[in-house]
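Heads up, the thing below is written out as structure tokens.
Here the chain labels run A, B, C and D in written order, and each chain numbers its own residues starting at 1.
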Amino acid sequence: MEIFTEHVNGIMIHKITIGHIHESGCTGCLAALMDNYQGIFTILDKYADLVYGLTLVDVRKIPKMDVALIEGSVCIQDKLATDEVREVRDKSSVVIAIGGCACSGNITRFDRGGQQNQPQHESFVPVSDLIDVDIFVPACAPTPEALRNVCVMTYLLLRGNDEQKALAGMYLKPLMDLARSPYGSKASFNTLMQEVINLGLCMGCGSCAAACPVRAITMEYGKPQGLRDLCVNCGACFSQCPRSFFDHELMEHHEQIMGMLKAVMQ
Amino acid sequence: MAAPLGQYKMVLFARTTDKEILRGAQNGGIVTALLSYALDTGIIDGAVVAAPSRSKPWRGKFDPWRSEPIVAMTRDQLLSARKTGYNISPNVMMIKEATRSYGLDRVGIVGVPCQIQGVRKAQLYPIGMRGVPDKIALVIGIYCMEVFPYQSIVQIVEDHGGVKMESVEKIEIGKGNFTVVTERGRTIQIPLNETRDLEQPGCHVCLDYAATLADISTGSAGSPAGWSTVFIRTKIGDEVWKRAMQAGLFETKPIGQVEPGLGAVEKLAVEKITRNKKTLEDRDFIGTKGLRNPYITT
Amino acid sequence: MANKITVGHVHMSGCTGCLVSLADNYLGLIKILDDYADLVYGLTLADVRHIPEMDVALVEGSVCIQDHESVEDIKTARKKAKIVVAVGGCAASGNINRFDRGGQHNQPQHESYVPISDLIDVDVFIPGCAPTPQMIRNVCVMAYLLLRGSDDQKALAAKYLKPLMALAKNPIASKANFNTLMQEVINVGLCMGCGSCAGACPVRAISMEFGKPQGARDLCINCGACYSQCPRSFFHFEVMDEYEAITDIINGAMK
Amino acid sequence: MNVLGKYKSVVSARSTDKEILKASQDGGIVTSLFAYALEQGIIDGAVLAGPSSRPWQPQPFVATTRAELLKARGTKYNICPQISMLKEATRSYGLDKVGIVGVPCQIQATRKAQLYPIGMRDVPDKIALVVGIYCMEVFPYKGMQLIVEDHAGQKLQSVKKMEIGKGKFTVITERGNVTQLPLKVTHKYEQPGCHVCLDYVANTADVSTGSVGSPDGWSTVFVRSRIGEDVWGKAMAAGCFETKPIDQVKPGLEMVTKLATEKITKNQKTVDERAHFGVGKALRNPYI
């Protein structure tokens, strides 16, 4: 079967239901999702119905939904937050943690409490410490393209034909493995050192330096050197590194996949 | 878990005979008296105590109610550290420093039960505490139901109590109330269930009320106003207490005679430990995956 | 004190600071070597070329995976020793070797250093850079009691070493640094601001802000002392309740 | 896993631009391809490996004019972190159509940046031309310095050109002194990250080129993707290159296949060995 077709054949019958759940985050991930501009309208027209979203949808209780995009980390001292996260896991079939806070705790790792009217809210954990998360989209803020790709691929995974399901499965597999790996939810520049450089996998390509949102990584003698006081623990460097995950079979067909993604967004 | 009040050789009510200490003391002035006696007799050559913070201004000024650990080596440093601010003072951070730049060989330390656990762990597993195990000479524990982050204290006093931090003379937690006494003598009582939420979360997993691992532990629970209930727990504690008694430092009353007695202490300890045990169990169901229990290593 | 146990000091990529720290027990070390342990292998200390059979191997330093000999050495150490103790931050959690990128003269391609628990099963961890003399002394005495002591001495030693053995099996401990302290203690609501981490930090990277540890992460050298010294990383009541008895035994053994 | 990857055509080629050929490594393919694409507006800038403060240490830079392109000629054989400039090119340089040249692992990184742009905002749609170069291994700067200064006995500043080929590491100085070292000597200084690389001829590039398989002064060029075919076709039409069919050229495609197979089998063995590196413990395999 030729799973890497450029053109998307057949009309899409019915859309998936998608919800955006806002935990302790800065809404930067939602803004990044919206930075797809017309792309969002294409997704909402053709592929997904938004059934839950802060201020976007007038729904009080979390409904049943196919895909839940969770943004932000969870304060374990805030009962509402932990109940909400547990409810999201019950109510949705695919849970996607978007952004550094939901995947690896990001800057909320540095929370110590002491903020007005809830000074004892001091412990924030990434979502995957509390519930089983299916897909990670790390980085602070996640890029619009990454979110678009994951949304489209999840749609294909749930509603596509067999070839599209296989392609989507293959594309999403590394992000799913990241969600279950021991280092996925603790990613920071240290992970890049511990899991790539110290294991003799680094070849000095510079992807981490480019991916770092706070420009904490410079390349010294061809190897990444991180300013750890700048590092915000978002995990972009580790996930962007071609030696953290890399599926040769998928990457060889990069052209067709890019073409298909463009076609899908027309 | 051993008995809620832990092992002890002796327990009694006591109050210091040193009027100057008694005047500013929280209860019986036991800690300050013991430490200043130990300093004079050379049992310790310095003590880590919680004193009003001098190094870190907040909102532009040094709030005396914000405590910070210091290494006290003179009597008046000890006197400056008498009041309990009920907010976090990370005393254990100074025990290695005391043996380093302060050059002490016999270090005394005062701490709440979790800090005493920290000290004992530093003695048994001195992973980062070089030279500390043999230099801890006297460990005094104080009873503790919970501790508040400093901002919580500010919020309780100023928002719930409606009083400026600067005007506070004394803070006391007891008999179900968070009592704030101002300089002009006004007392405001805030029910504890109102401040329950603002407690430090780390305290909700603590299974020790009366500092069971200290040499000597003391607190107001169970004793009449102005007195303290004192547990003598270890050999060192016993020796130091005997010498202090011979020097006429304390007047004491046997435990049986005075209400409300040891039963009150036990009740508080059992209440705290059962409540915190329940929190520990709840942590297993906070999500579908449990949060780590520090007392069981995977 | 029945017959002595055999101890070896295996030196991988480290600065010999751990060996110096062991020696900083001064007369304590002499006492251990007189009554409890024979040093059967040690760089410059014992004239032995190949690693012999031994009861306890104190391994210092991390392993460069590009250096074939050191990988073989660590494998032989595992085969030849009953108990392998990872002494110091390098062996336990990679310490400053985590920052190695190679480029050093005559072997510039030696650039990847892993703690020994990434390559072999380690029995006991002694984190910290440098590990304190008292910590190594305690582990040596307890190892002796475990192997040669009476039944209740064996039980006590096993109880004392249990958390350090759990550390050795805990994948988090082999990657410990200030981030771990945040992720494993503060973020899961266990920190009570006692200050043990600030006290334990060898480079004074941790200050207590508002009663909570604040780490200068650029100073942090990944030694893991803060995480393991924290009473909320491991804390066994059945050991800590008998702290007086245990300290008496150790001091007694050192007399 | 065919070792040469998918390609639409392969040919032996040389640039017709004399100025480029003066200091190019082999056929001057990369520089003249980018020069042509720049002129035609196919790209408005390219991430290349240019000079830096230290002799023979490359530094990635964004070239937007022909003059800057010429500065980046000649292979440096040590690490140049190209991708670190990839996002920057779309940011402070404001490019919309970015060209990039890189060794196979850097091409893999570029494709990953396009497919999984986790930290690469706006990059996927702005990559216009990806040119790969053949690569057997790369040396860290200090390793290369050691080879040149200790083994070859030359001052790094005095070196005019370096070449690896026919089992030799050749160092040519400004005054024309040629020193040749057997490749065996340099193996230990190779960057460890290269020993797990399973791609010799940049299988996922638009166009990939290298000296192997073509006579001296010529390069073997693979045209792989639709974009590659389009740009190469236009460049050929504009007379930028003179070409010879690959089967009429010595040593031809078999040499490329031989070297590719040799590299990939050697590295695949290393990847497998890492699976049981310790005693019952494995080193992480990045490809699973």
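Throughout what follows, a contact is a pair of C-beta atoms (placed from the backbone, for glycine too) under 8 Å apart; a residue touches a chain by one contact, two chains touch by 3 or more.
Not measured: the values here are computed from a predicted model.
With B-C and A-B as the two chain pairs, more C-beta contacts join B-C.
Subunit A and subunit D, compared by their mean Cα positions, are separated by 32 Å.
One inter-chain figure worth recording: subunit A and subunit B are separated by 46 Å, centre to centre, where each centre is the mean of the chain's CA atoms. Spacing of subunit B relative to subunit D, judged by their CA centroids, is 67 angstrom. Among all residues of subunit D, those that touch two or more other chains are 140-142, 191-192, 283. Those residues of subunit B in touch with two or more other chains are numbered 149-151, 200-201, 291. Residues of subunit C in contact with at least two other chains: 65-66, 102-103, 111-112, 114, 188-189, 191, 209-210, 212.
Taken pairwise by the contact criterion, the protein chains fit none of the simple patterns, being neither a path, a ring, a star nor fully connected. Screening every pair of chains for touch gives A-B, A-C, A-D, B-C, C-D. Only residues 65-66, 94, 97-103, 111-114, 171, 175, 177, 179, 182-183, 186-189, 191, 209-210, 212, 214, 216-218, 220, 222 of subunit C touch subunit A when the two sit together in their complex.
Those residues of subunit C lying in contact with subunit B across their complex are 21, 126-128, 130-135, 138, 160, 162-164, 166-167, 170, 184-185, 188-202, 206, 208-212, 223, 225-226, 228-237, 239-241, 243-244, 246-247. If you check the complex, the residues on subunit A that touch subunit D are 137-139, 142-146, 149, 171, 174-175, 195-196, 199-213, 217-219, 221-223, 236-237, 239-248, 250-252, 254-255, 257-258.
Looking at the complex, you find that subunit D touches subunit C at residues 140-143, 145-146, 188-192, 277-281, 283.
The touching residues of subunit C, counted against subunit D in their complex, run 65-66, 71, 74-75, 78-79, 102-106, 108-109, 111-112, 114, 118-121.
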